[in-house]
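The same subunit A turns up in both complexes below, where it pairs with subunit B and then with subunit C.
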Partner chain A sequence: MKTAFKLAYRNLIGAGLRTWLNVIVLSFSFVVIIWLKGILMGWDYQAKSDMTNWEIGGGQYWHESYDPYDPFTLAESHSIIPQQFSDEIEQGDMVPVLMVQGTIYPQGRMQSITIKGIDPDQDLFLLPTHQLDTATDAVPAIIGAAMAESLQLDRSDHVTLRWRDARGTFDATDIVITDIFSSNVPSVEAAQVYIPLAILREMTMMQGEATLLTFRDPEAERPAVQGWVHKPKEVLTASVDRMIKTKTAGQSVFYTILLLLAMLAIFDTQVLSIFRRQKEIGTYIALGYTRREVVGLFTVEGAMHSIFAAVVGALYGLPFLAWQAEVGWTIPMDAGDFGMAMAQTLYPVYSAGLVISTVLIVVVITTVVSYWPSRKIAKMNPTEALRGRIQ
Partner chain B sequence: MMINLPEMKTITKKIIIIILFSSFAWFTYGQPDANGILHQIDENLSSENRIFESSMTIHGRRASRTITSRSYVEGDKKSFTEYLSPPREQGTKMLKLENQLWIYSPSTDRTIQISGHMLRQSVMGSDLSYEDMMDDRKLTETYNAVVSGSEEFDGRTTWILELTARVDDVAYATRKLWVDKERFVPLKEELFAKSGQLLKRSVLSDVVQIEGRWFPKTIVYKDMLKQGDGTEFKVTDIKFNQDIPDYIFTKASLKM
Partner chain C sequence: MENSAIIKINDLVKSFPMGKTHFTALRDINLTIGRGEFTGLVGPSGSGKTTLLNIVGSLDTPTSGEAWVLDHSVGRLSARQSAQLRKEELGFIFQSYNLLVVHTVYENVEFPLLLLKIGAPERKKMVMDALEWVGLTDKVRSKPPQLSGGECQRVAIARAMVKKPSLVLADEPTANLDAANSHHILKTMVNLNRELNTTFLFATHDEKVIKYLRRKIYLLDGKIDKISEQEQT
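Let's turn to the complex of A and B:
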């Protein structure tokens, strides 16, 4: 076996440019696959941590009628916060949010929105709710950057807000935008206005009520509470998992094309080697090599391309991947259009598992592709091979 | 005849009472009973049934579109509307029975019930909500009304009625009505939020006498918080007290 590796190495180096062309193409596949997988891992990490920081905390309790995909449920999705959560809320480890449907009229245009009442002193979310604790002539409100841009609203702008109270009677007042925040989570920005919880409760006559209860600690044992549905963090981030899975499947088409190109080159090289080196094959057999050993020799030679490619890939890939992890990859379109927690710049995250699995997959595929044309050797007549006759 | 002091006091009291009563009578004569005005409006506008054709022009920010329809109405609990144009809306039918509302869409050949909070949505993109159309409770049942003054509007002298909700579940906390003093037809209505902010305004015009009653043929609804010219509702043809077959007010008629 050692001889086989030695021979394979010599043959590959001896082949010169042909070997290096193959190696470069294959190394490119290595680097691109690791980079793309790294981007997906980075997105997964960023999306989940952004969702935790901006939207879901360590998990939530939803009012039993609440359905985020059906705004009509909001009118019924509120009730008194269960007594058992009082301490947790007092300590700031649980944040109640009351949600009510409303309409705002920026520059006389009508826009349906969700009014969210939140405690200005909370620190569970990164939302700048402290800006709600402002003495103004109108109700202080904060909105997301995406909404501010689409409605052409700016800080200090006044806009009329209309809503219905718990009994369905219309009411209207002016709000003043005290801050505009930017997050990577569209679901906390799109068509939402945040105002102080106490004011919203008073406006809607829903004293002591909430729609969502977000808690800080994802590990704590959570009891079932009547009228409320416990949503653990894994459930709330399941959409990210599904998206990553879909994207991985989509990207695998790209990997396949890349690998196909590299493998085609290696396959061609192998076929050419076997065709041009028949005398050599005959000599090996004449020297006492079994057919299987000769097949093994050629297979190792082909597979060694992937080892070279890994080394060459590491030479230019490591600095490139490290640089990417530092500066990230800026998506050349508005990330908000995806409707998911996605940053404009994604920072790839590489794990040892990711690198090892990619190297293993490429080595195994290269070995199989190298073995395939080499099987022909087993059918060769050694005397004819020695004469160099084409078989 | 001598009048002693106690008698004098009694007479003075009586005079004061008479003056007070007469001034009250004058006051009530000057400012008639608001509920009475509302009843007279009801008498003037309501009929056993009616069939009318109308056009609804929705003025948007960039363009306007007009939807025409034919409606059959019985009392204030039953109504059936069929949209006649434009082609996109043609064949759409709407049936209201008591507090239930169904809409049939010919493109999907399906009938859906509009209920709960879907009632708060706009009708065909207009300034009217389904709920505005559905609210068939009499104003006298849901509001306390007072006459707050008199004003000239659109060349007619009107009473100004101020209505304050006396039940919890009304959409508008207060309303203001301008009612023609002679014809008992509302000419303008303003709807207010709890905070007192003006939300919607309707202006009724083209008041004509049809079969002995005064009827406004044009109503312009306007969401006051929104830019634009509102929604214009025009009755192009109306007939009162017609024979409307019972099957019209059944769900089966939606698919006919």
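Let's turn to the complex of A and C:
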């Protein structure tokens, strides 16, 4: 085997430009695949990190009636916070959120929204809730940038808010926009108005109640609590995993095409080699190789393209990938339009596993593609091969 | 010269399928070649000399009869045993040199030693010795396309001789060379035959080669026509 590697190396280096053309095409596949996978991993990491920081913390308890996909459940989705969470809430490691359906009337238009009551002093989320701790002539409120843009609302704007209290009675008041925040998590921004929890409880006559309880520590033991459903962080981020999986499947088509192009070049080289190098094949056999060993030599030779490609790819790919990890890739269209947790600039994340698995996949595929046409050698007549006769 | 049999052929027949019939390339071949001989299979094109050489080189097998080479019956060897015989005991010289064109002269000559897994320092010495025999020590880094025909054939001889095989099979080794180069090559082979007691078996119809042969086995239409021995010129 060592001899086969040595000979394959000599043959490839000796073949000159033909080898390097294949190697460059294959190295391009390496770099692009690692970069694209890195972007997806970065997106996954970033989306989960943004969701953690803006929406789900280390996990949540949901009121048993709460269904985020059914706004009509909100009317029932609230109850007194269990006593056992008092300390955690007191220490700021758990943030209760009360959610109520409402309507706002910006510039005479009507917009259904979810009113979220949240403690202005919380620091579990990146939401600028401290801006709710403002003395104003109306109820202080913060909204997301996407909603502000669609409703043409700005800081200090007043807008009428209508809601129903616990008894089902409609009421209305003015809110003032004290801050507009921007996040990469659309579900935090879309049709949501954040006001102080104490005020919302008073408005709705739901003292001491909440819809969601978000805790900080994802590792802590979480007991089952009657009337509340524990949602661990992995469950809450499962949608991101599913989305990334879908995207990965989509991107696989692209990798496959890229790899097919590179493999076509290798396959073509192998087929040509077997036809053009018949005399050489015959010579190997005359000098003491079995036909199987010649098949092995040609397979190693083809597969070695991928090793060379990994080295060449590393030469220009490592600086490129490192630079990309530093500056990121800015999506050429508005990321907010995608309707999922996605930053405008994605920073690729590479892991050793990603690099090793990509290299292994390409090496294995190249080896198979090299072996396939080489099998023909096993059927060759060595005396005909020695004369260079096409068989 | 020790004259124990290195090749012994009994009632050998070789035929090839040709459409629905068979073409018989060799028939009733009975032959013994001793160690250290400088012998040639002589005959016109199509007489069967290359076919016989290929069978002796275990690149082909007889249809019937037996060909014993170094106590191995060629027709009964497995592919691996056959390769082992060629690797360890046989050297080949071809009409069109069959050098590995992307390898240097040194690498071409080194190749059989790599297959024998000989260590690097010993390998280097053996390669340089072989190149010295053929007078090409100044061309170690050259590649075959940079050499003349005569030089290429000398590289091929060095490659065949480097492992000091028991038997060298040369198929029309001077066919692509001019008279001066042919004589130079043949003198080299005669010297190696004398110095190393290597058996040489040629397949040729070239008068330049025939002059050097100590024993000539004439083939005609696949049969041995006559065998003549003469003193070396």
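Some observations on this one:
Assume the second predicted complex is superposed on the first by the 391 of 391 C-alpha atoms of A that agree within 3 Å, B and C clash if a C-alpha of one lies under 4 Å from a C-alpha of the other, contacts with A are read in each partner's own complex, and residues count from 1 in each chain.
Just so it is clear, contacts are C-beta pairs under 8 Å (C-beta built on N, C-alpha and C of every residue); 3 or more make two chains touch, one makes a residue touch a chain.
These numbers were taken from a predicted model, which means no experiment stands behind them.
With the C-alpha superposition on subunit A as described, subunit C and subunit B fit side by side in the combined arrangement.
By the touch criterion stated above, A:Tyr289 is placed in contact with subunit C alone, subunit B being left untouched. Rounded to the nearest 10, the angle at the Cα centre of subunit A between subunit B and subunit C in the chain-A superposition is 150°.
By the touch criterion defined above, A:Glu202 reaches neither subunit B nor subunit C.
Within the superposed three-chain model, A:Lys279 lies in touch with subunit C and out of touch with subunit B [touch as defined at top].
Comparing subunit C and subunit B on the residues of subunit A they touch gives the larger count to C. With both structures placed on the common chain, the touch criterion links A:Asp87 to neither subunit B nor subunit C. When the two structures are aligned on the shared chain, A:Thr169 is found in touch with subunit B, with no touch to subunit C. By the touch criterion stated above, A:Asp154 is placed in contact with neither subunit B nor subunit C. The minimum CA-CA separation between subunit B and subunit C in the overlaid arrangement is 75 Å, rounded to the whole angstrom. Across the complex, subunit C meets subunit A through its residues 50, 54, 57, 59-60, 79-80, 82-84, 86-88, 92, 94, 96, 98-103, 107, 111-112, 114-117, 143, 159.
For subunit A in complex with subunit C, the residues that touch the partner chain are 3, 6-7, 10-11, 13-15, 279-280, 282-283, 285-293, 382-383, 386, 388. Taken in their complex, subunit B has these residues touching subunit A: 61, 116-118, 120, 165, 168-173, 191, 193-195, 197, 199, 223, 225-228.
Residues of subunit A that touch subunit B in their complex: 72, 75, 101, 103, 105, 107-110, 160, 162, 164-165, 167-173.
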